[in-house]
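Letters A, B, C and D mark the chains as written, and numbering starts fresh at 1 in each.
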Amino acid sequence: MSSVSAANTDAHAQGRSAAAPAAEFKPSVVADLTTVIANEPVNAEYRHLVASCSIEAAQAKPGQFFQLLCPHSGSEQPYLRRPMSVYGADPEKRQVSFLYKIAGAGTHGLALLGPGDTLDVMGPLGVGFRLDPAWRHIVAVGRGAGLATLAPLAQAAKQADMKVTAVLSARRPNLVVSDALFRSYGADVVVVTDSESTSGPANVERILRQLIADGRCDAFFTCGSSRLMQVQQKLAREFSLAGQVAMEQQMACGLGLCYCCVRDFNIGGEIVHRRVCWDGPVFDLMEALP
Amino acid sequence: MSSVSAANTDAHAQGRSAAAPAAEFKPSVVADLTTVIANEPVNAEYRHLVASCSIEAAQAKPGQFFQLLCPHSGSEQPYLRRPMSVYGADPEKRQVSFLYKIAGAGTHGLALLGPGDTLDVMGPLGVGFRLDPAWRHIVAVGRGAGLATLAPLAQAAKQADMKVTAVLSARRPNLVVSDALFRSYGADVVVVTDSESTSGPANVERILRQLIADGRCDAFFTCGSSRLMQVQQKLAREFSLAGQVAMEQQMACGLGLCYCCVRDFNIGGEIVHRRVCWDGPVFDLMEALP
Amino acid sequence: MKVETSVDLAVRVGGLTLRNPVMPASGTFADGLEKVMDFNRLGAIVTKTITRELRDGNPLPRVVERPGSLINAIGIPSKGVPDFINKTMPHYAPYDTPLVVSISAPTADGFASLARELTLPGIAAIEANISCPNIEEDGKAFAMRAETTEKVTRELRAATKLPLWVKLTPNTGEMPEVAKAAEAAGADAVVVSNTILSMAIDLKTFKPCLGNIMGGLSGPAIKPIVLRHVFQCARAVKIPVIGCGGISNADDAIEYMLAGASAIQVGTATFVQPAAMISVLEGLERFCVVREIPRIADLIGAVDIEESDEPDVAWLNPVT
Amino acid sequence: MKVETSVDLAVRVGGLTLRNPVMPASGTFADGLEKVMDFNRLGAIVTKTITRELRDGNPLPRVVERPGSLINAIGIPSKGVPDFINKTMPHYAPYDTPLVVSISAPTADGFASLARELTLPGIAAIEANISCPNIEEDGKAFAMRAETTEKVTRELRAATKLPLWVKLTPNTGEMPEVAKAAEAAGADAVVVSNTILSMAIDLKTFKPCLGNIMGGLSGPAIKPIVLRHVFQCARAVKIPVIGCGGISNADDAIEYMLAGASAIQVGTATFVQPAAMISVLEGLERFCVVREIPRIADLIGAVDIEESDEPDVAWLNPVT
């Protein structure tokens, strides 16, 4: 496992405290008892939760995630924490926010929280997106919950003043999320949906080829769709473009301890396991396997 | 076990439905999802909870009890139900109420309930107090949570128009409960306390002898103090008076299934086990053992 | 609400056909439940274990709760055989639900003579609780080992023509072998399982929470463990397995049937929700309706394990 | 907040003196926790079990949760010995906390050669995870039986001078005998215990929830069971018992020490509260201060059992 973490020395460096005496030790990951500020539905499927948190948590970077201790909905307390990408993090306001879809026991419990309630969030966790200052135009392609994960790229790119084109895929137009947020940071937003049958790989490939042709795609950022990821891998290979993908996997510890979240990756032709929580969740686009 | 229930055919009769087809079956004990109307502190130790309930639950008799499914306080859900004597039951208003002391996990959780919350109460359970129409004057002697158990006797006795003298024992005067309720039904109330050192067995015996001498004690009703029970047993024997005692014991099922709540009783010279939840909680004063 | 359906809920269990697979676990059922449910809706009635000797049971406290579980050391308070025949049996006679009597004894002979005496009209089956101490094996329960299980089951089999259910203990490391031994000796079904030996200590007094020091763990906490035992036993024997351990709702019961249980017993859950058996029953019906399963028996052992999933020997004790 | 006290937290465990009794359970600890706590506060560091062979581990899904518990079938992904020596050991070298390496092998020889190779400066003790399948006994774990435990422990003992901890499985019915065998063969301590073999089935798909079909149960649900094993083992052997199973807070740890544990390991709780070990440690200190216990070692085996409470043989398997 240490080979792995070695490979991540940079990403996880701030975590290292070697033999620092207790007095000096400062945790970089905390189980933070945040206070819910808002927890509102944004559409039929998604809710937006904003919480005031510690400075450590508020420093979460795009692509990183938290492990949320979801309150019990009904009698049963979900035992494990639930991973959620940071949707927004504001060190000034000391706030962190999540955009989540109600799936099962944990997210149901999450939906019950109201302003003033306490939510235990552990993080920030994992390796987030990296922006190469050399890039001028980036393209974010996402679907479903993946749109929540990509969203904070909009602000980060603007700060690094890169132009962003966001291709947002959903089943129906009214299920698209994060589009407003992308626009608010001046991104071009292209919405593709199943109901309008614009979300197929072929059409998305057409859109992406156009962006490349227009010189508006130095790098791909994607999350939430294996099919769309494969389209981007193909184009990245063809035009030797950079790319990063945020992966999902069931998690227990979120800190690289348990090895339940491994996926196969192609590292220089060799198929190896990587822990999504620790080596990722953001990986090099070309190393990811569907 | 059937000998036991046979011995209780009357008490538990309404429970018997032999081979009645499903269509006809009517449960006499229900796990009733009641709605909390009020849950207020009455002093430093006790709270009074009123809930609107089903007609079955509202028909609880004095000395009977319910098994309360206490909500979790903090993370831990108390697994077993908690037994609570009926403090008041009103078939017209369809209400039931409890007077409880905060002891541990379960009662802590109970204290968190507010108006409108749901409380699952199972009952009415057990054999309550019996009033012999021949009696004119009864004496209720209780201490601690026992006062809650005795309280509904006040109303029942008034309806049967018997006069009640209530000897209420507590550590301090401001920890006495049920006195107001007793008075409201016209009972004479004598308060004895440790802080005033009036609660000792000797003094209580003096009070009781006086009541007997005045011909104002046809039967004893007691709960919550083994020492006071023994005083009454002595006097009941001396003056051959009737008496009933409500006992406490840890419970799991509350329905006579598990045999965790047994106590020793002296039945005609023989020491035998009885289930407090099923054969009691109210027992003949002379059969009870300290 | 009773669901009106055409689902066939009947199951065959160890020589009996039950109208449905839901029955109480021994020691968690008594006439008190008549206040709560109609016993004619149950698949069977299983009585508290009785012994020949009169017994008071264990010292108090007899139960302590833990998160999602109960530890009990009731012992077996028993009024003996005559009381059972003269009072318990007549009491349940009016019901047209099979009456299963749970018995226990300190020796194989004791088991046999008790079974012989209880082979009576009105008794539908005998459940032998062999999870109890065998005084001939310095207190180790019969069901801890295959040999002792085989011996006691053989003597029981010779003693009665009634359907014979043998109730196993999960405290052994060789449950499939024990189940095979019971089958070989003529048991008609195995009940999997009794409680898991456990302990709790009071941090105020430093004393054990139970008068008996140790007791048996039951309730939701043990379900994943006993479910595994049921899965392993069902693959080890041809006779039916009756699943019992932490079943609180229909989903739990279905999980047990998929793992291989032909019927299920509900125990501790009844202490928390007295009508648990009825809601399990109604939930089973609903599940079959929704999933369009014509016969509930179709669920038995229906867990979907492709050969490819078949784990190597490692899964006997996964190295975690 | 760290409590400043004069409580002596040191305990002696299997040839080592630990600054306090709190350590991680193997497989639930890695360098990632450096983001959360100062490893110099721990009593010991216990690494994930390593094997000589390179292993990928089990198919996914590898975990499923149940109320108050986790079932895992991670398998033992292992990068082998050189990776451990060249990367893991140097990584923990800066800490002045004893490094305990957990090892596993499919044969007794394999265990011995691995122990021999890992008998190195920088390794404080070896924890032999003998809860894994023994291919010489068609897959039954070494720790399922006393004989196989004795054999593997003897070979391990001959192979290393390091303190030798042997980690047992609760899936056996004869844990005290197994613990005795480990002691007789020269183990310096036994770790009680590994996970309890369990199963879960998905009602939507009818498939097992785990890729490995079965997995090991851990977390609060198993505490009463493993606590009982610790109590029984501590009375069976003179070597220290390290308690491990469902410990989430200081109260749990104290209960284990009262039952006879000389030290404790925290596993699954770390997944829910990453700083669990630290809060256990601080809670232990607080408890000793409040109860005026000068040395935490005074808690070991301090459960108060009057002879009168001593149950008869029945308590070995209480008839519930």
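Rule of thumb we're sticking to: a contact is a pair of C-beta atoms (placed from the backbone, for glycine too) under 8 Å apart; a residue touches a chain by one contact, two chains touch by 3 or more.
The shown structure was predicted, so the numbers you read here are calculated from the model rather than taken from an experiment.
Q: Among the remaining chains, which ones contact both chain A and chain B?
A: For chain A paired with chain B, there are no chains in contact with each.
Q: Compare the CA centroid of chain D with every other chain's and tell me the farthest one.
A: B
Q: Compute the distance, rounded to whole Å, between the mean C-alpha positions of chain B and chain C.
A: Whole-Å distance between the two chain centres: 35.
Q: Hey, how far is the Cα centre of chain A from the one of chain C, in Å?
A: About 48 Å separates the centre of chain A from that of chain C.
Q: Can you check how far apart chain C and chain D are, centre to centre, with Cα atoms defining each centre and the answer in Å?
A: 32
Q: On chain C, where are the residues touching two or more other chains?
A: Residue numbers touching two or more other chains: 27, 66-69, 72, 74.
Q: Touching two or more other chains, which residues of chain B qualify?
A: In chain B, the residues touching two or more other chains are 77.
Q: So in the complex, the part of chain D that touches chain A is made up of which residues?
A: Those residues of chain D that touch chain A are 2, 27-41, 48, 56-57, 60-63, 65-70, 72, 74, 77, 79, 83, 87-88, 91, 94-96, 219, 270-275.
Q: Taking the complex as given, what residues does chain B use to touch chain C?
A: Touching chain C: residues 1-3, 5-6, 12, 14-22, 25, 27-31, 69, 76-81, 122, 250, 252-260, 262, 273, 278 of chain B.
Q: Quick one: in the complex, what on chain C touches chain D?
A: 27, 49, 58-59, 66-69, 71-76, 104, 129, 131-133, 135, 138-141, 144-145, 169, 171-174, 194-201, 203, 205-208, 211-218, 220-225, 227-228, 231, 251, 254-255, 258-259, 302-305, 309-320
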